[in-house]
Amino acid sequence: MTSIGFLGLGIMGKAMAINLIKAGFDVTVWNRNPEKATELVVLGAKQGTSPKSVAAHCDITFAMVSDPAAALAICQGPEGVAAGIGEGRGYIDMSTVDDSTSQMIADAITNAGGRFLEAPVSGTKKPAEDGTLIILAAGDKTLYDEALPAFDVMGKMSPFLGEVGQGASMKLVVNMMMGGMLSIFSEGMSLGQKAGLDGEKLLEVIAAGAIANPMFKGKGAMLLAEDYTVSFPLKHMQKDMRLAVALGDKLNLSLPTAATANEAFKQAKKAGFSDEDIAAVYKTVK
Amino acid sequence: MTSIGFLGLGIMGKAMAINLIKAGFDVTVWNRNPEKATELVVLGAKQGTSPKSVAAHCDITFAMVSDPAAALAICQGPEGVAAGIGEGRGYIDMSTVDDSTSQMIADAITNAGGRFLEAPVSGTKKPAEDGTLIILAAGDKTLYDEALPAFDVMGKMSPFLGEVGQGASMKLVVNMMMGGMLSIFSEGMSLGQKAGLDGEKLLEVIAAGAIANPMFKGKGAMLLAEDYTVSFPLKHMQKDMRLAVALGDKLNLSLPTAATANEAFKQAKKAGFSDEDIAAVYKTVK
Amino acid sequence: MTSIGFLGLGIMGKAMAINLIKAGFDVTVWNRNPEKATELVVLGAKQGTSPKSVAAHCDITFAMVSDPAAALAICQGPEGVAAGIGEGRGYIDMSTVDDSTSQMIADAITNAGGRFLEAPVSGTKKPAEDGTLIILAAGDKTLYDEALPAFDVMGKMSPFLGEVGQGASMKLVVNMMMGGMLSIFSEGMSLGQKAGLDGEKLLEVIAAGAIANPMFKGKGAMLLAEDYTVSFPLKHMQKDMRLAVALGDKLNLSLPTAATANEAFKQAKKAGFSDEDIAAVYKTVK
Amino acid sequence: MTSIGFLGLGIMGKAMAINLIKAGFDVTVWNRNPEKATELVVLGAKQGTSPKSVAAHCDITFAMVSDPAAALAICQGPEGVAAGIGEGRGYIDMSTVDDSTSQMIADAITNAGGRFLEAPVSGTKKPAEDGTLIILAAGDKTLYDEALPAFDVMGKMSPFLGEVGQGASMKLVVNMMMGGMLSIFSEGMSLGQKAGLDGEKLLEVIAAGAIANPMFKGKGAMLLAEDYTVSFPLKHMQKDMRLAVALGDKLNLSLPTAATANEAFKQAKKAGFSDEDIAAVYKTVK
């Protein structure tokens, strides 16, 4: 059976690793702060001493860390993944990183003889616990095929998207649509209520028709309650919309609706809502 | 038991009337071309001789005709609904008409002593046949309460929205969101594919996440197949977006995303796609 | 010599009539409140007793009143211009009115045997006094030719634009450009100053280059001084932008920049600046 | 008298250097291809052998080269300006370069003990010949003061704008306004003509009013003649608009009109007009 390494035991990583252990995989975990590994060892995991040693002893090593700097740190250096990975072993980084970081990690691994997949996920804590993440995989196809049984445990779908970079592109496209939808949703909810319609009724009618979707349901309840408790920070959405519009620029594509929605999120940032939930864009519209 | 009149036996009206008959209601039908009534008479309906006589003999009379001119025609004149409706009888116009037409009909009925509801529907042929329309009712609340058993047969939901005009407003808000969503969806599908992503994969990932909705599924398949067979004509969507933006103007609300999406649909009209499906907006983006 | 009638002696009309008198024309004036005519009689004008009598006795009668209702009022009724104008006499309405009002006046005059020109002006009090208005004439070409000597006294240019309605269209197009320019100017002034540039220096550099124009000079000084004393009310500009975008809709033309600038002016209205100068759009951008 | 070095004798540089020579300055020129210096030597210039030697022998050395790579090349390396400039001598780069290139050059010069000004210009061949450029200077104020007599020969204005980077910011702001104005101008010219107005008449009326500016005059003639001979390439304008919107992003400023105009220029690029004049944006609107 494939032996699995798992680096990074934060909220997301811990939930994902537990699912792998419970599914019967032979899992070796590592975390910068080793105490966080205790709970998983109790469940049956081995504990590694460094990213290097984990990568050297496991068939496939997964990583799930918080940002590009952390993703680079566990890959590079004398104790990093690249130093340990041997000919043919696999490394799958599931962290959300930018294109150039992903490419740097890919180069480091393949130069060391390893195989690499980027596999950023769509979904937060609950889907990670439930094993219903959407995993956007791109890179080495043979590694993807071998990793599928593990992906099936962690996610509800895990399409293979092509070369390194395509996972990040997919996430950008989906988030751009999400931002545009939230902007038009905010405008529609504002217009309806100013026209005298009841907010709850609006949500009910929307929920019954062709445009019904989980986001409108969740964010709709939030904006009627004027509760903007952060789940996806508004400033991150604006950053993704900016990057999506910039990608359109590079690919010679005019995206007026996305560009306008981007400016709406910038307006919300300017109004001081950067660290609130994306639903707070409604506050600058209503 | 409430006796029901039904005026207008086009594609929509015929399906709706059949459902009422099958549910056991005492239904009297009328159509400008009387031959269309035959099939319903076979199923158990009575046949009326004029809108006036139907309205005079039934507790509640429904109408479902094609446009504002037809809606006015069956209400006004010596053989119209207003001439027949007596004190306390009800008239429910389910046609899609503009605000001022709806108000003219409301005035004609109430001046004649009748009660009035506007009840435009969301949904096309299939939901009409399946009894799963969304009915947006507004006007006389007592009539609404009496009509609910019939609404329950024709639709899957039929919220009461307030004064005459609110049904039309609700439809405008929903269609505005629909147009904005289709514009950002077209941009995202274009961006993703230009970035090298497979169109089918894009649709799969979207279908699995928080923004999944029936419209993206249906229109997504259409645009990948480059099939713009009309279900909702693009020019009608653009008209609705124009009216929604104008309503924002009247209510002192700035709607930049809707306004931009409106211009995208105008661009598609300019390119010659007025009579194709709303999905054809994609052709001017890609 | 051509005898001239002049109806309406408000701020604009009085200045224009004085210029005609001083230029040696034979001028008969009329104003709803006759006391306002005294000053002009002193300068040599005759005083008429009604729009009807003025139109009946003068070769060409001009009108300059405040709104469409006033423009209709002096034209229609037993004492109106149409009742007095004979075969071949001319009537030139220089008031700013909408298309349909202009057409109603045109019909009333031509049905009575008269000739008609619409001639809305661009420019306010100072250009009216200085005889440097821009006169946008459209309608009867023979009347235009006869009126040219008078136009030359009142304005610095008075192009003939075609059929009745073209004068109003020209004004709409110019005001739409004005609104779009003011929106991008506000954004540029905000961006420059946030980037650390001095506002005065920005205006100097703009004034020296290819985009230098009187409006940027005048409004630029206003916005640096935070002085929004009304010269052109913001709500009127927003109305013109709305009409221009609607005209594009009718003519099958997509106008995304105008539509976006229109939403910026709506945002300013929503923020409470309707009755301030158009320059106040800057306050919602900075 | 101040001795002046001039590096780069292309269309712009040659015209500027000639003006300095004719004004009586002691000028030493250098060009990568030395033959281009001959004409200036005939007029009285000395000829330098390298950027290093020119910078070492002149009080102030100006450079005007075609792009960031060329600007870096003449500054760096064993024969570059930085290698020759001594304590207190001045270097003024008038080329149009991006922020980071300008900062790299500034660092190289100041680390070598020299003083630095960035001074990008607004204006093309004709203003360079006529000495009517707009010079946007930023950096060392003492050097600016010493260079003023030379700036006065080359330009009609040369404001001092602050720290290195402010010259580039000013140019970006002005070009952003230019792009936005050209977009709304294209929309207005299209709308007017579709409404039946004569294009020439439109330009005349615009030229007489508050929005009259040299750019509308020049570009207006071009678009009526359907002549898009390049003076300012469309792709460069789009790049500047993209950078301006990105600067707004960085400074937390929402710029919807600029963002929308940027998408209009992207639409024009997509349609294949990248290398035509900026006026070609009209072709995608009309």
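Per-chain residue numbering starts at 1, and chain names A, B, C and D are given in the order in which the chains are listed.
By definition in this document, contacts are C-beta pairs under 8 Å (C-beta built on N, C-alpha and C of every residue); 3 or more make two chains touch, one makes a residue touch a chain.
Here the structure is a predicted model, which means the values were calculated and not measured.
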item: Smallest number of contact steps required from chain B to reach chain D; value: 2
item: Partner chains that chain A and chain C have in common; value: B, D
item: Inter-centroid spacing, chain B versus chain A (mean Cα positions, whole Å); value: 39
item: Geometric centre distance via CA averages, chain C-chain B, whole Å; value: 43
item: Per-residue multi-chain contacts in chain D, two or more chains; value: 248, 252-256, 259-260, 263-264
item: Topology of the chain contact graph, where touching chains are joined (line, ring, star, complete, other); value: ring
item: All pairs of touching chains, each written as two labels joined by a dash; value: A-B, A-D, B-C, C-D
item: Complex contacts: residues of chain B adjacent to chain A; value: 122-123, 134, 136, 156-157, 159, 161-163, 166, 169-170, 173-174, 176-178, 180-181, 183-185, 187-188, 190-192, 194-198, 201-202, 204-206, 208-215, 218, 244, 247-248, 251-261, 263-264, 285
item: Chain A-touching residues of chain D, taken from the complex the two chains share; value: 242, 246, 248-249, 252-256, 259-260, 262-264, 266-267, 269-270
